[in-house]
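After this come two complexes, each holding chain A, first together with chain B and then together with chain C.
And now, the complex of A and B:
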C-alpha cells in the first residue's frame, strides 16, 4: 500500500462531491459571523479548508446531543435496546479534534463498554486536515502535544503549495482513494515539501503556557486548594459552554420519554454538564458541588488529572474551544499560568 | 379508563399560549384521546360546573376580582398548571409594577380609570398553590406535552435549572454576543430548546431566571461587552419584574 498520495487543490471540490456520493459526508462550513460548524455537504463549494475550531467538535457525530438507547412497552413489560447509527465520512478534522475522538474512544471502550458509542464509531470514516499554523490565540495544541498528526484517522490531508499531501492510514482510507480516483502518487519533491513545512511548523509552535507538557500533571496534582479557583468562582456564570464545546467532555443524563398513549416510550441520553447548577444535586436537595469555583476546578481536573491517573492521557486537546466560547472570558492558558505562578 | 377532565382558563394575558394548543395540528388529536376538554373559552362555548382533574391557567393575577376567581378555580381543581410566562412569572403584565399603580391606571384608561381596580401583577403561584409550571411566551409546545404527560401520570416535572446557553450550544448557534447583540440566554432557564435564538432572535428571558444567576460574573460580562447595566435590567424586567414579590425564595429547585 502506498503511504502517501497527492491531490491537486483544484480537484478538492470534485473529491468532496465524489465522497458525498459514496456516503453522507460532513465538513467544516462557515456559520454566522466568525464561527464554523461541521455540516453535511454535497460538494466542496462551502467547505472551509482554513477554519478555527468549529462551535461543536466532531464529538456530536460520535455521541449525539440526544440519542435513544431503549424503547419500552409498559403493557407488555418489555424493554428493547435501540442502536442509532449512520455510515458517514467526516472531512477536515484538525489534529486537536482527532485527539478528542481518541480520548472518547478510550473512555467508551473502558468497561462496561458503551455499545451504542462503539457501533457508531465503527461506521464513521475520518479524514484529518493539518493546521500548518495556529488557528488563533486560544489554541494550546503544542503543549498538549496535539499539533502534529498522531493517528486516529483514515486519511490525513496537508495543504502544500498547489496540492494536498495525503497520508493513507487504513484500508478503508485506501478504499476511498481508489473509489474517488483523483489522486496521484506522491513523488520525492512532494515529500520534501511536506518535510520542509513540518520543520517550519515545529519552529512556529511553542509551548503556549509557562509549564511543559510533563509538568502539567504534577501541577494539577497539587492544585486542589489553589486560589485560582476562587477567582473562577467570582467570574463563572455556569452557562455550560466550556463543557458542551469540549471535544472530550462526555457526561450525559438519562431521561425516559413516554408517548401520549402513556404506555410506550423511549429512554434517551442527552449531554449534561458538570457546570450546570443541578448536575451534582442529589435527593433531598443537597448539592455536593454547589460553588461555581468547585465546578470549574472539577472541569480542569477532569482534563489534567483524573484521566491521566486512569488512562495515562491528558483529556485536554488544546483546541481552545472552552476559552473561545466562555461568556466570562475564562481562559485555559491564563488559568494554567496562574496555577504555575502560585506553585512557585 | 375515564378521561381526565381538563379546563383552560385565562387571566391577564394575550391568550396566545392557549392558541398554541388550538394550533397544535394533528398532534392535538392524540392529546384529545387522552383528556376530555370540558371548558376552553377560546375554542368552545360549553362550560363545566363540576370539578376539574386538571386546570390549565394562562395569565397573571392583576385585579382583586382575579384573586377571587383563581382561588375558586384552585378549589375546584385537583391539579393546577400555570401556563405561559404571564401565569408562571408575571410576564409582560409585570411591567406595570415599575410604576405608581394609580398613575399608570390613569395613563392607560384616562377618564375610565375610576371603573377599574388594580393590584400589582403577580404570577399564579404567588396567589394559589401551583402544581406544574409551563414557562414561555408563548409556551413551547413540546414542553407543554411533556408537562401534561407528567400531570396525567402524577409524577413531577422538573423545569431545567440551567441556562438557555446550554441548549443553544447543543443547537450549535453562533453566540449573539459574538454578533454584538445582548441576549438574556446566560441568565434564563432552559427548556425551550433555545427556540428564539434558533430562529435568529435574542433570548428575552421569558422563562424566568435560573435559580442562582451569577451576579458578579454577569456584571463582568456586561462590562467586557460595554453594555450598560440598566439596559439589561430593563430587558430582564420586561418579563421578570414580579420576581421582586416572591415572599420566599421559590427558586427553580421546587419547579
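And now, the complex of A and C:
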C-alpha cells in the first residue's frame, strides 16, 4: 500500500461530499467567535480546516453524553444488555484529540473490557488533520508530546502550499482513498515539503510550562499537600465544565428511565463529573472528596499521576479546553507552573 | 443510532428471585435470593453485587452469606435512599436484578492456618458475616478465632440468633459492646476500640479483619497497631460510592485504586499512604 498520497486543496470540498455519500461524516464547523464544533457535514463548504479545539472533543462520538446500556421489561422480568452505535467518519481530528481517543481506548479496553465502547469505536473511521502552528495560548501539546502525529488515525491530512499530504495508516483508510478517487500519488517534492514544514514546526513548538514532559510525573507524585490546591479551592465553582470538555475524562453516572407504560424502560449512562460535590458521597453522609480543592487535585492527578502509574501514559493531551472554558479562569499551565515553583 | 443486543457485557443483569424477606431491625431488611435457573453466584467472602430494580436504579450490596452455602445467597439492606427504600417494599416471590459478584474479597487462602480477629462495627457485620461463617464452616482450617462486635444500641444488633451461636461456641472467643445500653443489656458498654486491649494475640500469626463505618477505621487500626500486629496483617473493607462496579465510572476511586475492582477489601499496608483512603 502506498503510504502517502496528495489531494489538491480545490478538491477538498468534493472529497467531503463523497465521504458523506459513503457514510455519515462529521467535521469541525465554525459556531461563532473562536468557537468550533464537530457536526455532520454533507460538503466541504462549512468545514473549518483551521480551527482551535472544538467545544467538545470527538469523545462525544466515542462515549456519547448519554447511552443506553440495558433494556428491561418488568412484566416479563427480563433484562437485555444492549449497545448503541453509528457508522461514521470523523474528518479533521487534531493530534491532541487523536491522543485523547487513544487514552479512552486504553481505559475502556482495560479489563473488564467495556464492550459498548470498544464495539462502537471500531465503527468510527478517523481522519486526522495536522496543526502546522499553535491554535492559541491555552494549548500545551508540545510538553504533552502530542503536537506531532502519533498514530490513532486511518488517514492523516497535512495542509501544505496548495495540496494536502495524506498519510494512509490503515486498510480502511486506503479504502476511503480508493472510493473517493480524488488522490494522486505523492512525489519526492511533496515529501520534501512535508519534511520542511515539520522541521519549521519543531522549532516553533516549545514546552509550554516550566517543566519538561518527564518532570511532570515526579512533580505530581509529590503534589498531595501542595498549596496550589488551596488556591483552586478558593476559585473553582464546581461547575464541571472542565471535565465535560476534556477529551480524556470518562467518568459516568448510571440512571434508569421508565417508559410511559410503566413496564418497559432503559438503563443509561451519562457523563458525570468528579467536580460535582456528591460524586464521592456515600449513604450515611460521608463525602470522600468534600472540598473543591480535593476534587481539583483529583482531576489533575487523574491526568498526570494515576494513569501514568497504571498505563504509562499521561491523560492530558494538552488541548487546553479546560483552561479555555473555565469561568473561574483556572488555567492548567499556570497550575503546573505554580506547582513547579512551589517544588523548588 | 443503531441498537443491538450484547451477549457479553459488564452490564448484563441476572434475575434474582427473593425466597425470603424479613425485617431484622427497624432499618435493616434481610433477603434470601436465588438466581434464575439454579445458577450459583460463586462469590468470595467480602465481595458485593449490584442489586437492581428496573426503573429505580442499582446499588452495591455486600453478600452477607458464606459461599459454603449453595443454591442461594443473603443480603441485608439498610433503607438509606431511593433504591434501598424500594428494596424494602419487596417480599418473597418478587425479583431483583443482580450483577456481579464484583471486587476483591477477603484473602481466604492467606488467612488459612492463622489466628483471626474480626472487628465489626455497625453494618460492618453484614459483609464480615460472609467470612465469619466461611471460617466457622471450615473451622479446623483456621487457628484461634476472636469476634469483636460493636453497635449503637442492643436493638441495632443484627443476626442476634446467629451471634448467640457464635458466643456459645467453645472454639470462638466472642465479645460485644454497645454505645448505649438498655436495662436488659448484660454486655459491655463503650466503643468497639475498648474491646481490643483485652484480646491476647500472637502477632506472628494473627490477622485482623476490620469492617465498619468510615470513622471507625482510624481508631481501631491505632489500637491494633498498639498491639504490634504487622500492617500487612490488617485487612479492611472500604465503602465508596459506586455506579458501574467494573472500574470505569470513577465514582469509587480512592487515589490510584478503584474500590470496586482493587477492593473493597484492602490490606492496611497497601493503602496507609493513600491519602484518600482513611
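One rule holds for everything that comes next: the second predicted complex is superposed on the first by the 344 of 344 C-alpha atoms of A that agree within 3 Å, B and C clash if a C-alpha of one lies under 4 Å from a C-alpha of the other, contacts with A are read in each partner's own complex, and residues count from 1 in each chain.
Operating definition for what follows: contacts are C-beta pairs under 8 Å (C-beta built on N, C-alpha and C of every residue); 3 or more make two chains touch, one makes a residue touch a chain.
Keep in mind that what you see is a predicted model, and the values were worked out from it rather than measured.
Asks: With the two complexes superposed on chain A, say which partner A:271 touches: chain B (first), chain C (second), both, or neither.
Replies: In the superposed model, A:271 contacts chain B only, not chain C.
Asks: In the overlay, answer first, second, both or neither for which of chain B and chain C A:156 touches.
Replies: Once the two structures are laid over each other on A, A:156 reaches no partner at all.
Asks: Examine A:286 and indicate which partner it touches, taking first as chain B and second as chain C; both and neither are also allowed.
Replies: A:286: touches chain C, not chain B.
Asks: Applying the touch criterion given at the start, work out whether A:34 contacts chain B, chain C, both or neither, answering first, second, both or neither.
Replies: A:34 sits against chain B, while chain C stays out of touch.
Asks: Between chain B (first) and chain C (second), which, if any, makes contact with A:258: first, second, both or neither?
Replies: In the superposition, A:258 contacts both chain B and chain C.
Asks: Which of the two partners, first being chain B and second being chain C, lies in contact with A:55: first, second, both, or neither?
Replies: A:55 contacts chain B only, not chain C.
Asks: Which chain, chain B or chain C, ends up touching more residues of chain A in the combined arrangement?
Replies: C
Asks: Quick check on the superposed pair: does A:300 touch chain B, chain C, both, or neither? Answer first, second, both or neither.
Replies: Neither partner.
Asks: State whether A:238 touches chain B only (first), chain C only (second), both chains, or neither.
Replies: After superposing on A, A:238 lies in contact with chain B but is clear of chain C.
Asks: Following superposition on chain A, which residues of chain A contact chain B and also contact chain C?
Replies: 257-258, 262, 278, 281
Asks: So in the complex, the part of chain B that touches chain A is made up of which residues?
Replies: Against chain A, chain B makes touches at 27, 30-31, 33-34, 145-146, 149, 152-153, 161-163, 165-166, 169-170, 172-175, 177-179, 185-187, 210-214, 216-218, 220-221, 224, 252-253.
Asks: Under the definition above, what is the set of chain A residues touching chain B in their complex?
Replies: Spelled out, the residues of chain A in touch with chain B are 31-35, 37, 55-56, 60, 65, 234-241, 244-245, 257-258, 260-262, 270-271, 273, 276-278, 281, 285, 292, 325, 327-329.
Asks: What does chain C use to touch chain A in their complex?
Replies: 1-15, 52, 54-58, 78, 80-81, 84, 95, 97, 213-215, 239-241, 243-244, 246-251, 253-256, 275-276
Asks: Contact residues on chain A for chain C in the complex?
Replies: My answer: residues 68-70, 72, 74, 77-86, 107-108, 110, 112-116, 119, 224, 250-258, 262, 265, 267, 269, 272, 274, 278-284, 286, 288-289, 298, 301-302, 305-306, 309-310.
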